[in-house]
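Below you'll find the structure, written out as structure tokens, and then a few comments.
All chains are identified by letter, namely A, B, C, D and E, in their written order; residue positions are counted from 1 within each chain.
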């Protein structure tokens, strides 16, 4: 039981991490809590679905349920989600920023944006559940008592790869450095030759890409429905805050903590209270460490 | 003059100007100090030149071209580097990354320039993998310098480079500044420490309450008792 | 304060003006209200249900309508929110003056509607899907005034039958995974009661909150009881998630499922080859010529099989109300209430779904003959509390994923089972 | 009046206030000067309780106040203004001032709810008082304007008006002259002197040396967290440590 | 005519219920600047408190050890109890959260609402679980013979209660107390510097606001007569927020107007969709309706950030 809960926790946590990283980027660079972020995950998943349902799934690779086509679809979905994020920023958030709106106004606006995005999905794709592949994949016995599905394994691997890539991006590219610099001090970034508006646009792109990946992975290992993002919202936010907003590894750690605590908690508390666990953890952590576990030092 | 600021009016709020028409200038290879008691508007002036504050009035030119009102990041491209007084290095980035952030504004390869910076500031070379927050005050100032110099600017603006440093570290900083000026960079610096500023600079402007009060060569000002009066009040 | 009063008055006038224009003293068309969850968390079953209701209305209109009038079906989306549902009900009843309402789906909305609006305003409430036993209790206490009808049996029929099915299949240690809603809660506790009475034992049970990303933890808990079989009480969306995870984590294929999972969506999502040992439950009527007629009609209209929950029973809720209207001397709520059972007269002439069926029924009524509607759910009968008691059936999946019938239990046998469990 | 004994405050590795001992005698205008970063504002913050002290004690009339919260210290008659004015921008000037009166019954919501007469009486009193203070500060013409519409100098005066409502025994002014145009500065200095004559003790951080030298007796000088000199203007002006602190101490 | 009037009365009863919650939220956000994203949680607490305190004995499930019910207190005590319970819960939560950064407070209160939802679903011995609590006495229902008369009476009571809440709030926010709240919202550091204990005021506003949400919930429960966990969905928080933003935060009249306008829009757009949109596209109609509400909110923030009735510059009613 314990081993399985651990494995499941890590897998859930990996997907949550992808969402939490995006939230963290928004919190540090755009400086507001974006409640519409998890809707980008939904959109990412449905963008990819548009392509897979057009036949872009590819023949299954080994034990996986999908082929190269699906990976391509994921990439395109990422690009489209990034565009969507930019469009939303242009139409709503940037206008509000230009009006010197407070970060709270931005949070409200993000609530409204979330509602609109979610129901546009309903409008286009309908309310029903969708799958990329209805092929049911059996979990393989990894260790005694621990079963994992090949797709999950793949997702975990790809998530790790994405996080590593992101880390490389943030440490080795011009843009990544600029993003970290802006997160720490927009003023110093400006006098270091960084165009902050440019960085903000790219932040949306990166957040959109990761959200799309998280959404697609979720759709692949679970299912897609219009409310999927909304249902993930609390967990993703908890992950971001628990980890300590401002740090990539904090977000990943937070995702893992939320995933693990939900799954491990079911060993002791009734399963129907499971959702409360990450939240209670959040309150405890905020009470004792308001900056989160890994705080960005300034 | 390479850089001139003429009759600059600026402040943090449009209706609350701190500078009421201040003029300063600096030529190639020259070190010019901006002096004055607290609240004189020294930092405000340098921030206004650096494009961080909106200009309410006045002109700023670089080699005859107007650069007033350009956003800060564009100014760096034009060849004006600015080192803020505090928070002038990214503490979450490593030394090397700090330099790269600045170097990235240049097109083309820049590896050799980074190496040149390490040659110029050997202390930093040893710490290139350490995050900025682990540096000592003097090292931070060095890094801030290096960051500003990596773009090979024609004008370097420094806001109180010796603030909070031990005398020895301050000395080193000033020596570096002199070296740079000899290399042809125009240096405009804001200083608290009047004596050392006047010792290292060629010329100086003394401001008070947002206005020009005195100006002249360092030597003439050093001998002028009016400077002390501005600081400590008239008798 | 003055301002507030002004605003209130202004709105009041506007609201009054709005419907008045449309509200001439009505004889034609005959209005029928509908309150269904077209958006919100129940949307995936609510949307097809509204299609089924609309289909019934279309059939009735094609057959000439009621008393020479076309039926106007005024459908309101309750967004799966109780306050919105209540507001819609009030609007339909008071402003649009409907004598009967189809819906709502969740018991949370049905309970206040049945116990206040329906009885107060004398409007018939005919729902397909609200399963809570509380609704029966309300009827027993006379709080719903007999205006509440439903075409789906209560959880007890289902739970007891499933217990029996499990025992007959040779299962003795069954785990139960149930959705934490009123339907799931009661089906589970009734099942546990019956199953243990009949000699089985619930190996482990795990409740889950709907609309969650994953149920692996719940599945783990159910697996932990080391069961020889498992019962799933869920709706198709979450059902698919939870059953997939069950199978993926190596759970047994000896599965039992409730009628809510008799859904193509669910079968497609999980994959037929894993469902070969699955036994499903449903009300038994879902066979026979009347049912086939409905299925065929649905297929023609929507190009797919009618395989989400509640379609057949929704169609019948509309049909029976329409027949009751046809039978009534005057189309009002009380008359409809009193004629609901007359549409199902046991020895009356049998009529089927579809516009032909309705036409036939209308002609018979005109001729003064008794009719017995045998509907999309087959023959049905309301008891004194507006509940249907029904025979039950088992169903399975064939190799192609088609739902096939696997034996029935007559009404008498069901009653017998009740006695056996409850003593 | 106020005595600061061996107070230290550290931020990370920086000793912002380093073992400062300082006494402010009643009914003086004590100037606190020193170059940027000397620790003056930090010392202010520790006195009014915005920052806890690391070491040392602070007393008012012999009573220890270090460790008390700001609102309690305010209640003891110690009020401060901010270097950059912090009015409540969306409130009128009058209410900015009325707000500052301590111990209002109406600040308890049950009083506001149930004791109409009491609250109304107090509010009328409060308003008269506030109007008086505004008149005193020369703000009577902007009484009903939103605070955010005031000029920088007026905001400084508003800050002063606000603290006056506490009828404080001692006012700590943080750079009252910064950003104030010369005409308003005259008014400001006049007001300070007038209040001083009325018995209020002042402690003023100021960089405008003309102002400091003309009204402050004594003057305390801080540099790098330490108190380096104390005395009357002439002593201070000629004190080599002060000159060094201001003009630099690298031998030139 | 009587039908329309009857609907109007029903509609206004709902508006009044929401208005009380919006007033509570307005106290927290509009006056104090606290971001409470868990409104529905406190609404539910009030509703359940009313149900448990005044309701009849609930049936006990076979596997259930005990059932807290059948206390049967009168309506007025139920109201007080609902206010008390939600205030008490808010007090405990407030102690932990009162200093949190805005966005952290938002996510924390959002989580609180989810925990409350989980408790209503799972803690069957207290809340009757998913079955819901039925048979809550409906005050005035037995006094007045016809449902219409009952509704009129209930509306009159709602107007009286809403009016009293409005009056009371106006009285306390347009007073020195409200002035401190506004100061805390504008600049808590400066408020502390002029001697105000910002945390105390924040806590007071949070508790009173949540108590009003509880009151609204209790009135909802007593009007509907039955409640279930599924009556209190997160969307309700959003509805109430929209009411406040559209009406104008920081103004109690705006809160009332917002409740009226937004609930009117919410329901009339439903009626409109059912009339205008062909049956085939009803599903889309529902989605469009929600999208419209979202756009109204975003549009208000963009183009009329102060809402329909903005905040007044003068706080205290005693100032001429």
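Operating definition for what follows: contacts are C-beta pairs under 8 Å (C-beta built on N, C-alpha and C of every residue); 3 or more make two chains touch, one makes a residue touch a chain.
Keep in mind that this is a model prediction, so the values were computed, not measured.
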Given subunit C and subunit E, the chains that contact each of them: A
Result of counting contacting C-beta pairs for A-C and B-D, higher pair: A-C
Centroid comparison with subunit B (C-alpha atoms), farthest chain: C
Interchain centroid distance [CA atoms averaged], subunit A/subunit D, Å: 49
Rounded Å distance between subunit A and subunit B, as computed from the means of their C-alpha atoms: 42
Subunit A and subunit E, separation of their C-alpha mean positions in angstrom: 32
Whole-Å separation of chain centres (CA-atom averages), subunit B against subunit C: 77
Where subunit C touches two or more other chains at once, by residue number: 39, 41, 43, 47, 180, 207, 209
Overlap residues in subunit E, where contacts from two or more other chains coincide: 118, 121-122, 283, 286-287, 290
Pairs of chains found to touch, sorted by chain label: A-B, A-C, A-E, B-D, C-E, D-E
Contact footprint of subunit B on subunit D as seen in their complex: 14, 35-37, 151-152, 175, 177-179, 207-210, 212-214, 233, 236-237, 242-243, 246-250, 252
Of subunit C, residues touching subunit E in the complex: 1, 3-4, 7-8, 11-12, 15-16, 18-20, 23, 38-41, 43, 47, 50, 54, 73-77, 79-84, 86-88, 90-91, 93-95, 97, 106-108, 111-112, 115-116, 120-121, 132, 134, 137-138, 143, 180-182, 184-186, 189, 192-193, 207, 209
Subunit E residues touching subunit C - in the complex, by the definition given at the top: 1, 3-8, 10-12, 14, 59, 61-63, 118, 121-122, 129-132, 134-135, 138, 147, 163, 166, 220, 224-226, 228-231, 233, 235-236, 253, 256-257, 260, 264, 266-268, 270-271, 273-275, 279, 282-283, 285-287, 289-290
Footprint of subunit A on subunit E - complex, ascending: 33, 35, 96-97, 99-104, 106-108, 110-112, 114-115, 118, 121-122, 238, 241-242, 245, 283-284, 286-288, 290-291, 293-295, 297-298, 301-302, 305
Contact set on subunit D toward subunit E in their complex: 48, 50, 69-71, 74-75, 79-80, 82, 86-92, 94-95, 98-100, 102, 104-109, 111-113, 116, 119-120, 122-124, 126-127, 144, 146, 162-163, 165-166
